[in-house]
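A, B, C and D label the chains in the order they appear, each numbered from 1.
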């Protein structure tokens, strides 16, 4: 009965209840709406052996890998967007630091198709991809399927059905019905594909505010298990209409992450050293306030009849 | 208290729904049944219409499955791809309601043709979403008025599979849902035993003979045959005054 | 170069230029936003041998069939929603009146999957459907495909790629970028699946009005070939926020369409007897005005950063 | 007039774009090239970012492919499923830009690993959308700085297929797009003849020897070898003052 009742809880409670050692987790969001607040709470709670799925591991998984949370990463592009490599990811893959990291690798479309298959509970998804690429050679989960009409062979990928999806949204009601705008990434498919869904919201609003614009609802409450209020929960990623991306931090991460000592120091100060995202936001202070979005409001539409 | 057969069918259908279930709703009696259940014992019932309206709270009785009143104030609108791939095939639908021109002893439903497909005597509307609801919803409730013609031993055309040829028929074909669990007619209620439609309760005033006279085969009867509970005054008030004040369906 | 330049033209010009005898056409819209204005213009221009695709043929194709435009219908539910059968469709299928009509029949999900495959230019789409149903027995285009991972057999349908899609929207700019809200049906997939796309809009707005809420854009201008301004273009169907469905007409159609004589009289008066949708709307007069939507505005969202 | 190699590469890439084309844009030089073309000869170029922003008109230089400035005021935002299934696989993309750590004589691109896949000496970011852009875009333009290491005869790993093993390689594998049509480096421009990278123009100041010294094979040269046109003052002004005023990429 995921569909019913008030699901609001703290981040600590949501992570404690749904993210277990060894589980398969997806924190989605393509550049936009990446929930660092959830990742940091997972690090604080000391989760281990996670299979981390995301198109772009980004800083969010680089930090979790460095903190020793990850056993495996399922991904399609592992870089620091706009600023170079992901050093913790590279150390784990190239040299097994802090411990060996298993990888399972696709292209973006392959990951999107895996989530699409997962959301639709299909055992495979066909796509025109991977011919002539070595990706299929090194990943046995990329196979061929024969079209029953034309006889042609297409690539096929299996569904990805994580145990838990963490989806950051701009606003949600207490049942988990969530409005998202700006870049949508693959969040809808990742949420429908997962057994449990944690919605993390910049704002929790009245059910009536969601129902006033139902076409804006990306995630329906009936698939949601927990709703967490976490303003600034995406920093250094961003939330359209709330705050900008902290591009400076993405560049700084290059220096922070190039050696394990400085990275550990950073984790101590900014993850273990704060009890919650609220403390983190307070600690960031003016830097965060400077990222606040200007107003650029959409015009209304009429839902009357 | 007086009531119509349709009113009893609505009440009986409503009673089959549990709070918190996700229901794939059709227009007409199923819509009334779901909204009745929501007003009484199942306030957290989630209504999904195949048109893409999720969590609808219509302020007027919807006349079509795509009525604008289903959209205004609903919790989410999704594309029909989402409805069928994510909600239905995704396994999120607990109950689907179906009706049909013909229903047979295994709960197979025909909404396609009377007679031969290539040269039908009557061309019916076809499947719509019924075929996939029958296959994919966790369980299916059938609502249909009963007659010898509409309840044949075998339908002319299987649009929406029930228990196919009988016991294990669905499992052999790998269907995710458990298929029809009950049939509610103007005369009686039926369940399924080993994939075969079985009379479980008689509506007040109906007899086994009358039920059998309106079916194309000698239907099995449970040993503890019950009488269907009639609508309560409160149910009737809700249906007549609030849910269908213009009495379009009752 | 579909993407560029002003594409606004009259309905007569759009139909004359893109809808040719013998072509495969889709006028989509599930109950909502069904473009009767385009259908009537096609009837007036005397198009023949069309393959008409739609989940629900509805009154819109019943009228075109009665007028002799159709050679074939590809569909999944042929009824008068809320009011009984489609008599012209039945006469054509049961008795070949006005001439024999070929049918190709799916369930809704099958049609949705055909458009999804068409939009993605896939040669087939897999779905969990049709086991135990006679639909696959009578339609050779419903086949099986074997999953390359689990070995299980699923149903598969081929892509549907119409020559022309006609999509009615609430508002569009002159390039064809179109905002749609309320029920979305399968319009996006139908438009991407088609070679030519005609957008018919209740309002043509400034490009800036579309760009002020880009998440509301269902159809991008780059796949659009013509933009037609046609207020009340959906009557007796509806446009959320503009006018309600004329449920009374759907009921009346039962009587109008039960015999060919009364149906022909209706076509003479309401289709051939008017030169355009504007004339049709004027002729409807108060009846149409009574359907005008009340105001029920959505709240804004902030696109700033 | 003085200009950097990156500025020349941006100008040359811009010149490859025709008005009305639909371009799959990456961050950095491709983004500058597209916006330069839009300001000059291709006002109706449609820019699509893999993040889902369509028809973006960013008011600041986007730093990441998902920069919020790509969303504000764009004409449409779509899901990544739509980007890959409907736009790219749907055949709507005329030009895709790619770069890479290694590009070989057949235009195959490596962005995955240097060395062995299982125990790489350098782990690179991987494909992202590059593999499917390489396969599905109508044509591909490669932009990359040139060195002996980055232009080997054969890449360590084919992330994004070019002309595979040479003539007819793509057709044999049934790839919809025609693959790489040009490569723009800091030294020269290349086309493809029978699926093999071929030097077509030298940037001002470059020599064939210098180009060959920075490649892992003896590259073929067209008979009518040209000189790449240098940036015009107007192009440079646009790039420096308007498109990248903080000189992040030039």
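The criterion applied here is as follows: a contact is a pair of C-beta atoms (placed from the backbone, for glycine too) under 8 Å apart; a residue touches a chain by one contact, two chains touch by 3 or more.
Please read all numbers here as calculations on a predicted model, not as lab measurements.
Colleague: Return the chains common to the contact lists of subunit A and subunit C.
Modeller: B, D
Colleague: Please state, in steps, how far subunit C lies from subunit B along the shortest route of touching chains.
Modeller: 1
Colleague: Between A-D and C-D, which chain pair shares more contacting C-beta pairs?
Modeller: It is A-D, judged by the count of C-beta pairs in contact.
Colleague: Whole-Å distance, subunit A centre to subunit D centre, using C-alpha means?
Modeller: Those two chain centres are 28 Å apart.
Colleague: So how far apart, in whole Å, are subunit A and subunit B when each is placed at the average of its C-alpha atoms?
Modeller: About 40 Å separates the centre of subunit A from that of subunit B.
Colleague: Counting in whole Å, what is the centre-to-centre distance of subunit B and subunit D, each centre being its mean C-alpha position?
Modeller: Once rounded, the distance between the two centres reads 57 Å.
Colleague: Using the touch rule from the top of the page, what residues of subunit C touch 2 or more other chains?
Modeller: Counting only residues that touch two or more other chains, subunit C contributes 121-122, 127-128, 152, 181-182, 184, 188, 212, 215, 238, 240, 244-245, 293, 296, 303-305.
Colleague: Can you pull out the residues of subunit D that are in contact with at least two other chains?
Modeller: Counting only residues that touch two or more other chains, subunit D contributes 53, 68, 71-72, 77-78, 85, 89.
Colleague: For this structure, give each pair of chains that are touching.
Modeller: Pairwise, the chains that meet the contact rule are A-B, A-C, A-D, B-C, C-D.
Colleague: In the complex formed with subunit B, which residues of subunit C make contact?
Modeller: Per the stated touch rule, the residues are 30-32, 55-56, 75-79, 81-82, 85-86, 89-90, 93-94, 105-109, 112-113, 116, 127-135, 138, 152-153, 181-186, 188-189, 238, 240, 244-245, 247, 250, 293, 296.
Colleague: Inside the complex, what are the residues of subunit A that reach subunit C?
Modeller: Checking each residue of subunit A against subunit C gives 121-128, 141, 143-150, 152, 154, 156, 158, 170, 179, 181-182, 184, 209, 212-213, 215-216, 238, 240-245, 293-305.
Colleague: Mind listing the subunit D positions that touch subunit C in their complex?
Modeller: Listed in rising order, the residues of subunit D that touch subunit C are 19-20, 22, 44, 46, 53-55, 57, 68-69, 71-78, 82, 85-86, 89-92.
Colleague: Which subunit D residues qualify as touching subunit A in the complex?
Modeller: Its residues touching subunit A are 27, 50-53, 63-68, 71-72, 77-81, 84-85, 88-89, 108, 112, 117-118, 120-132, 134-136, 157-161, 164, 169-170, 173-176.
Colleague: Mind listing the subunit C positions that touch subunit D in their complex?
Modeller: 1, 3-5, 119-122, 175, 177, 188, 192, 207, 210-212, 214-215, 217, 220-223, 303-305
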